[in-house]
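In what follows, chain A forms one complex with chain B and a second complex with chain C.
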Partner chain A sequence: MSTLLRASELAKLPVVTFAGEAVGQIKDIVYAADGGQVNAFTLAGRGLFAGPLNTAVPWKDVVGLGPDAMVIESEKVVVPTGDVLAPATTSSGGGGNVLRSRVLTDQGTALGVVNDVIIGIAGQGAQADVIGYEIEPAETLGRGRQRLLIPLPDTLAASGENLVVPAAASQYLTDDLARFGSVVDSFRSQLSAPTGAASNNPAQRSAAPTSAAGQ
Partner chain B sequence: MEWWVWLIIVVVVLAALVGGFLAVQARRRSGGVIIDDKSRRKGGGSS
Partner chain C sequence: MRYTETIGRHVVSTSTAVTIGVIENVLVEPVEQRVVALALGKTAGSHRMLPWGQIAAFGADAVTVAGDDVLVTDGRLTALDGKDHAILGKQVLTTEGYRVGSVSDVEFDAADGHVLSLLLDTYQWDGRLLLGVGSYAVMVRPQQIQAPEGLAPASQPRPY
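After this line comes the complex of A and B, so read on.
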């Protein structure tokens, strides 16, 4: 992974066309339930009185993504939100938003609450993937209030208000974003190892979504 | 009532309205990170 970003760094970035026209700002980041690939960004209007635009930009149409703006070719690539996302699934409409969701291991231990999401971009024009969560650790971890980064398997699947990760992920908690890329690689190597702790394929077991019933 | 009492009431009501509007706008515009379950529901998922 060459570039790691927090999702919060992308929110509210202006979306600008080659012609220099600002078509809105990033509102939500949409990623696939199975695989973790970032699929699209939903847009909100700019200005005090503007709200959600009910439009989105698919990831494949993003030309550039920098610290100050996201660049697209033209306004023609902007599509209705329904083309990239189920209608009831928006951060303000309830459902689907992983922020503030609880992270559980597949052995039932609460690790914390998602505060941010870490996105890895392999290179210019490459796929962007959700590779980890930044969590506010649960008291039972005994790690204080410092926010921690937790890696995710490359066969990530997530749904519902509880996010289940392999128990081995708790051994890879770190607070250093600069090192997080190598931590994720180590974690995924362990999961793909044919023997040992990953023998029951915890990556696949992590796919089991849980409902909000436990909340 | 004295005129200044009405003035205070009007100012308080206006402040509440403006505060409420800003809070609603902040919530409407706040971003999130959304899981897209669409492909899986269409049968396109693999896991």
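After this line comes the complex of A and C, so read on.
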């Protein structure tokens, strides 16, 4: 993971063409239906009183996404929002809302509520992958109220109400975004080779929650 | 030749020895990374654009042209002369979405008009990487940055 971005930091970024014109700003992020990737960005007009433009930019047409701007080749890649919205969820409104969704393990333990989405971009032309969530931890976790980062598998079930993650994810909770990329990598490599390394007993975890790779 | 050194220089007709105008703006066509014309002030008529091809010599003290009927009026050149296409002072964004500074000067080849480099606050950007000049920003392709000592290279992803 070369670049990790918080979804909340992308909102309001200007969308600029090669010609140096700003066609709008990012309003919202449209995720694939399985929640695993960024499909598109919806746009809003720039400025204090500008509203939504009902247009969007598919991820494949994004040339660059940095801290100061999202860059596209020209305004020709901007499409009506309906074209990208149909099979997807957004982070606020329409389809299903990821933010404020409850994170549930496949063992039925509630881990918390989604507060932000962590997006990883491996490099030029790569997929924008949803690699984790920032959650407000559930009280039953016994981790206090500090927000935690939870790694995600490549794909997961999302309904707009619940997001179901493998129980093993709760062992990788961390509060350190700088090291979150390597946490996600070790979590995913453990998922692809499940040789009994992870405990599958949810009671044991909630009694003594650990953060295997995060500390 | 630097943009800021060019402004105010006289344009002289070699056939009549008359000053036909004073350089007010250097018009860069970003797609070609080239100076395409000079916008003049204090001209006798209503035409004020001097196309690059009409320049006889870009001398140290004056620009010379063959006659005094070389000025034109052209829609594209007038657009390039507008505020939206001005380069100096505008912020510079790379195609990777990083702001790398704002333009303090433009260095161009006095012989053929090619943009050699953009001088930013802290960096010098290769002119061949220029992509576009719009109302929001000057767009450039990324380049390997030689950061001045003590400054972090701007092309590296910032820690989030």
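One rule holds in what follows: the second predicted complex is superposed on the first by the 183 of 215 C-alpha atoms of A that agree within 3 Å, B and C clash if a C-alpha of one lies under 4 Å from a C-alpha of the other, contacts with A are read in each partner's own complex, and residues count from 1 in each chain.
The rule we apply is simple: a contact is a pair of C-beta atoms (placed from the backbone, for glycine too) under 8 Å apart; a residue touches a chain by one contact, two chains touch by 3 or more.
Worth saying up front: this structure is predicted, and the values here are computed from it rather than measured.
A.B. asks: On chain A, do chain B and chain C fit together or clash when superposed?
C.D. replies: When both complexes are placed onto chain A, chain B and chain C end up side by side without any clash.
A.B. asks: Looking at chain A, does chain C or chain B touch more of its residues?
C.D. replies: B
A.B. asks: Contact-wise, after the overlay, does A:106 reach chain B, chain C, both or neither (first, second, both, neither)?
C.D. replies: neither
A.B. asks: In the overlay, answer first, second, both or neither for which of chain B and chain C A:129 touches.
C.D. replies: neither
A.B. asks: Please work out whether A:22 is in contact with chain B alone, chain C alone, both, or neither, and reply first, second, both or neither.
C.D. replies: A:22: touches chain C, not chain B.
A.B. asks: If we overlay the two complexes on their shared chain A, which of chain B and chain C does A:161 touch? Say first, second, both or neither.
C.D. replies: neither
A.B. asks: Does chain B (first) or chain C (second) touch A:33, or do both, or does neither?
C.D. replies: The first partner, chain B, only.
A.B. asks: What is the minimum C-alpha distance, in Å, between chain B and chain C after the two complexes are superposed on chain A?
C.D. replies: The answer for the closest chain B-chain C C-alpha pair is 18 Å.
A.B. asks: Can you name the residues of chain A that touch chain B in the complex?
C.D. replies: Touching chain B: residues 7-8, 11-12, 26-35, 39-40, 42, 44, 48-52, 84-86, 89-92, 96-99, 117, 130, 155, 157-159, 204, 207 of chain A.
A.B. asks: In their shared complex, at which residues does chain C touch chain A?
C.D. replies: Listed in rising order, the residues of chain C that touch chain A are 30, 90, 93-99, 131-139, 157-160.
A.B. asks: Taking the touch rule as given, give the residues of chain B at its contact with chain A in the complex, in rising order.
C.D. replies: 25, 27-41, 45-47
A.B. asks: So in the complex, the part of chain A that touches chain C is made up of which residues?
C.D. replies: 2-6, 9, 13-14, 16-22, 63-71, 177-178
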